[in-house]
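One structure is given below, encoded as structure tokens.
Going in written order, the chains are labelled A, B and C, and every chain counts its residues from 1.
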Amino acid sequence: MPEQSEFSDRKTIFFITVLSAACALVLAILASCLAQPKKEAKELDQTKEILVATQIYNKLTGTFQIEESPHRWQMAKYSKNGQLVASDVAVKATPEEILAVARARIKPFLVDSEGNSFSFQEKRINFDHYLLDNKKTGYADLPLKLAYEILPNPDGKAASKPVGYIIPINGMGLWDRIYGYMAIAPNGVDVIGISWYDQKETPGLGGNIAEPIWQKLFVGKKIFVLDPHAPGDLVRAPIGITIVKGKVKDVLGDSPRAVAAVDGMAGATLTGNGVTKAYHSSLDPYRPFFIRLHSQEGSSHGS
Amino acid sequence: MWMGNYEYINLFGLWIQAIFIENFLLANFLGMCSYLACSTQLRAANGLGVAVVFVTTISGILNWFVHTFITAPGALGWLQTFGINAAAIDLNFLEFLIFISVVAAFTQILEIVLEKVSQPLYRALGIYLPLIAVNCAVLGAHLFAIARDYPFVAAAIYIFGSSLGWWLTIALMAAIREKIIISNIVPGFRGMGITFITSGLMAISFMGFSGINIAQPTGAVAKIATEVAKTPLESIITQK
Amino acid sequence: MDHKESTLSYFTNQLFSQNQILVAILGICSALGVTSRIPPAIAMGLSVTFVTSFSCFFVSMFRRQTPDSVRMITQLAFISLFTIVIDQVLQAYYFSISKVLSVYVGLIITNCILMGRTEGMAKNVSPLPAFLDGLGAGLGYTFVLVSVAAIREFFGFGQLLGYQIIPTAWYGTAANPHGYQNFTLMVSPPASFFILGTMIFLMKTLQSRKKR
């Protein structure tokens, strides 16, 4: 075959070496150029989901929002001093604003198994290393668990108390692990909102857990199934949100369990079961912390 | 890194899951091209299936090492023993290129070795060997195992199981097609059309396996964690 | 005039009469996996178009310098190069889409269409026809993907591109159990088998009619 004899072994090796070197060079240049945008894109995505859980960012409209009355939110826009002001027109939140709001208002801290809170500096733990080590398996089973406090909209008044806390949720869906957040009110019982930032469930069925429409059902639910005869008793009350099969009002009616139950999604029972288990296993270890919050809230309200 | 949290029963569950529940062809749709082209006869399907299992498993093990020691983020930390601080270098962008090269190279080496060692087997597999290098299922199995962060043994079991599932499906399809060819199918559907419809029906039947979750690790680390979480609550209340 | 027409025919042939999915039955894997909604299908189709056209262009450009023994490796190298480029760009600028496509972008490397075009066409013709051929193949593939996704999204969700097409008022509820229900099977994997099988049937029937 005349064509092949044109290419000696040496020429072939030379060709392959040059080709590999050229490919590697092009890719290395590209990778280093895109390293920063990639990191920012990932951070932005996760930050958006934290803000969705805390009801600061609305995924459907792409704008910020502020609470004007319990469980009702008004569109807002970002103003220069970091405050969110109500707005009647939809002003889309830019990536820089989203990151700025999150950095200013979402503060990570650690909770131990007795409900005491510590900052990362106090315990001399590097936040990034801690995240890297435990992201996959979750924080709920660690001796020092991750939580975030939500600081209120800065409106010039003196340093205010947190308006809520975020617990990272980690569990197993139908296909793979699911990761999300749940934002809880300062009384340690009511849910502010939820979000899921990493899930590989069936699109259209289990994948609906990431849709704002279904997530809205969680607003105002309680994470404890409170005994109506002893509503302040959080020690013995079962903890965790339950996804029922069907609609809550059909399945549970007026049962006390209805305040901690959410409508299921048709055709996604197994994902719903996984979500229920995820909430139970991720929230239960924080129970001492919630009990502490509830008693602090009770004493501050003079109950 | 080697066994992770996986007990032997979990590995068995993972193996079953890879073959039936997450069947590569019917649930993940990978490896369709050669599946459609070579499933007309059972003998050819079996030959291709065995070759795919062999290539996928061995090159999968090789690629796991590539990922763990070269292309994972921070994977080059082992160079510390030679005094080179390379832990910050991220070669993740080269992963696809290296993976496909390993598969192609292994296929080539296998072809050469087979030609020397076993002529009948070489002639039986013949044209299929080069085809395997570009079989989506091979690269797909490797990428899925990496994406799920399996430890070594679990990754090997998963990749082995996935390729077995592929072989099972192509053998099933060949068996069906050998019979269908003598049936009276609508002219437009003959050949590829009816193969797709049949695959769809097989996929629905395999969907019946979904939800069986037997592949989760239940090893030592997980057990300790559940112990820690059970602290008595009453003592916390009285502490206040 | 004649030469110009034949160059363009490289492009138009690939779009329909030699459509890679419906006629050559290649590139099926990703066609089934990412078509439950339209946006990932468009993203996947355009990614494949980008990789195919540029890989064909470069393979054709170096076809005389490439030793025959490493022909396939060289094609794989170019294909991998452009796949990695598109993967990195998606991760940096279209993160939500890249989350949905996940490993399927990497699997463009093993997409039979690419090897088919580089081996079947690009190494035999000059760069411009090769580029047009790759472009046509990719766009034909995109067209099929979007069609399948449109059918699946419409019947499985009642939506197109996220917009509710079937009015919510039509849906059955607990009070009105006989209302419309989404055809949920369309969202699951087997549906794409059925839809593609039917499309192949239609294509075959159309082409055999033309021959007559």
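The rule we apply is simple: contacts are C-beta pairs under 8 Å (C-beta built on N, C-alpha and C of every residue); 3 or more make two chains touch, one makes a residue touch a chain.
All values reported here derive from a predicted model rather than from experimental measurement.
Engineer: Can you name the chains that touch chain A as well as chain B?
Structural biologist: C
Engineer: Counting only C-alpha atoms to place each centre, which chain is farthest from chain A?
Structural biologist: Of all the other chains, the one whose centre lies farthest from chain A is C.
Engineer: Quick one: name the chains whose C-beta contact count is the highest of any pair.
Structural biologist: By contact count, the leading interface is B-C.
Engineer: Using the average of all C-alpha atoms in each chain as its centre, how far is it in Å between chain A and chain B?
Structural biologist: Chain centres of chain A and chain B, defined by C-alpha means, are spaced 31 Å apart.
Engineer: How big is the gap, in whole Å, between where the Cα atoms of chain A centre and where those of chain C centre?
Structural biologist: 34
Engineer: I'd like the Å distance between the centres of chain B and chain C, where a centre is the mean of that chain's Cα atoms.
Structural biologist: 23
Engineer: What are the residues of chain A that contact at least two other chains?
Structural biologist: 23, 27, 30-31
Engineer: Two or more other chains in contact with one residue: find those residues in chain B.
Structural biologist: Residues 93-94, 97 of chain B touch two or more partner chains.
Engineer: Would you give the residues of chain C that are in contact with at least 2 other chains, written as numbers and ranges?
Structural biologist: Where chain C meets two or more other chains at a single residue, that happens at 73, 77, 80-81, 84, 88, 102, 188.
Engineer: Quick one: in the complex, what on chain C touches chain B?
Structural biologist: Those in contact with chain B are residues 25-30, 32-33, 72-73, 76-77, 80-81, 83-84, 87-88, 102-103, 106-107, 109-112, 115, 185, 188-194, 196-198, 200-202, 204-205, 208.
Engineer: Report the residues of chain A in contact with chain B in the complex, numbered from low to high.
Structural biologist: Interface residues on the chain A side: 23-24, 27-28, 30-31, 35, 113-115, 136, 140-143, 172, 174, 176, 235, 270, 284-285, 287-288, 291-292, 295.
Engineer: Would you mind writing out the residues of chain B in touch with chain A in their complex?
Structural biologist: Residue list for chain B touching chain A: 90, 92-94, 97, 148-149, 210-211, 213, 216, 225-226, 228-229, 231, 233-234, 236-237, 239-240.
Engineer: Flag every residue of chain C that touches chain A in the complex, lowest number first.
Structural biologist: So the residues of chain C touching chain A come out as 36-37, 65-70, 73-74, 77, 80-81, 84-85, 88-89, 91-93, 95-96, 99-100, 102, 156-157, 174, 184, 187-188.
Engineer: Once bound in the complex, which stretches of chain B touch chain C?
Structural biologist: Chain B residues touching chain C: 26-33, 36-37, 93-97, 100-101, 104, 130, 133-136, 138-140, 143-144, 147, 186-189, 192-197, 199-201, 203-204, 207.
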